[in-house]
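Some structures are shown below for you to check.
Here come two complexes built around subunit A, the first alongside subunit B, the second alongside subunit C.
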Partner chain A sequence: MNTESRKKALHYFYEKVVGPLGFKFTPDAELREFLLEQEVILEGKHGVPFCPCQPLRHDRARDMQIVCPCIPFHRKHFDAIQRCWCGLFVHQDVTDPDKLPQLPPKEVGLE
Partner chain B sequence: MKKVSMYTLSTCPWCRKTKKFFADHKVPFDYIDYDLADEATQRRIMQELDAAGASGFPFVKIADEVIVGYQPERYASALGLQGGAE
Partner chain C sequence: MSDKYIRAISADAVAPGGVKAVELDGKEIVVCNCGGKYYAVQRRCGHMNAPLDMGTLDGTYLTCAMHCAQFDVATGEALSGPVPPDFGGEIPPRLLGEYFQNVGMLMGRIRTESIRTYPTKLEAGWVLVAPQAGD
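Showing the complex of A and B:
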């Protein structure tokens, strides 16, 4: 499967998963395409589409918590910032993702 | 000029934006792409992230101040740049 086909497959799968969690794809098409492409590359390298913006620790239990879409593992944090860390997904009511700063848990009163 | 260094990921668009911010403002910086670093360097970086309570990239150090995430207003403020994050 080539990169474009795999991106479409991930898009199809993710859309079904994140909707019930209250999220949707970012309306920023350029960001969306870039992140999906990075995930396809990471999947090719590691066998799993990890988040492109969080570190692999080479600890399976922890690494599984950054497999996209990782929303369930970071629910409080992502709900607080209305986006996931990499910005591929935003809360369903978000129309301008540029207004959502990338704040770590500590800066939104978590951890 | 305060020393700027950062840990980033080669796959992360926010890390790219962060590097661009400092380049656009002609602020010299050092960086290490975590995913391209050797194992010992990765361990050292993770220790720093854990100590700062950070779990994602970009991880920026401006002198002694640590800023996690793409936060151009905070970069500008830490550097005392006129015109803020523009």
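Showing the complex of A and C:
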């Protein structure tokens, strides 16, 4: 088993989860491959594919909310910015992910 | 090497998304029905030899029931290693904790290998497998 194989498996299963939530993988292939690779590394270290762009706080309840795909735990926020925090997933109608800035919740009026 | 095909199982006996174990020429094989396309792979998991016919098939991805190692039955490629035990943040009873610590230590040294695939074909309602192909 290698990183590429695991990336393939994550890609397959994530697609089934995020599709019904109205999201898809980012069309930016380079970013997608990079983020999936980081998740495989995190999974190897922690046993769980955490979001590569959010810090682990060693508080289980909070850390479980950043297990990829973490969309259900941050639905309002991600719907407002049309992407997930790290940008691995974007709304299904998004064609140019570069136009979607990574805005924190308070900047979109959620805090 | 021989590509002699042998009747393995009736195609109707493996429902779509299903996995059935057969023994052919002394080899333990599982036949997988991936939406009407049949694949045959070795029965033993590439991680710890658990029977893969107890696993779950999703598309061509087969997940072992024992530690959730995953394989692509179309290619035999190992996709994922075992999922580590998780106690949900609770501290397990001492003996159980020690047991899982030992098992975890051993499992960390086990490599998940790709599994062997066998050629298949459909003929008169039967799934035929060539168990000696590649020997």
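Following the convention adopted for this analysis, the second predicted complex is superposed on the first by the 111 of 111 C-alpha atoms of A that agree within 3 Å, B and C clash if a C-alpha of one lies under 4 Å from a C-alpha of the other, contacts with A are read in each partner's own complex, and residues count from 1 in each chain.
Just so we're on the same page, contacts are C-beta pairs under 8 Å (C-beta built on N, C-alpha and C of every residue); 3 or more make two chains touch, one makes a residue touch a chain.
Remember, predicted model here, so these are calculated numbers, not experimental data.
Per the definitions stated earlier, placing subunit B and subunit C onto a shared subunit A by superposition produces no clash, and the two fit side by side. Which of subunit B and subunit C touches more residues of subunit A is settled by the count: it is B. Touch criterion not met for A:R83: it reaches neither subunit B nor subunit C. By the touch criterion defined above, A:R57 lies against subunit B but remains apart from subunit C after alignment on the C-alpha atoms of chain A.
By the touch criterion defined above, A:Q38 reaches subunit B but does not reach subunit C. Touch criterion met: A:P101 reaches subunit B, while subunit C stays clear of it. For the three-chain arrangement built by superposition, the Cα-centre angle with subunit A at its corner and subunit B and subunit C at its ends equals 140°, in steps of 10.
When the two structures are aligned on the shared chain, A:K8 is found in touch with subunit C, with no touch to subunit B. By the touch criterion stated above, A:G47 is placed in contact with subunit C alone, subunit B being left untouched.
Between subunit B and subunit C, the minimal CA-CA distance in the chain A superposition rounds to 19 Å.
Interface residues of subunit A facing subunit B in the complex, by the touch rule stated above, are 31, 34-35, 38, 41-42, 51-58, 85-87, 101-107, 111. Every residue of subunit C that touches subunit A in the complex is listed here, in rising order: 58-59, 61, 70, 72, 77-81, 83-84, 86, 88-89, 111-114.
Those residues of subunit A that touch subunit C in the shared complex are 1, 5-6, 8-9, 12-13, 16, 47, 60-61.
Touching subunit A in their complex are the following residues of subunit B: 9, 11-15, 34-35, 42, 45-46, 49, 53-57, 68-71.
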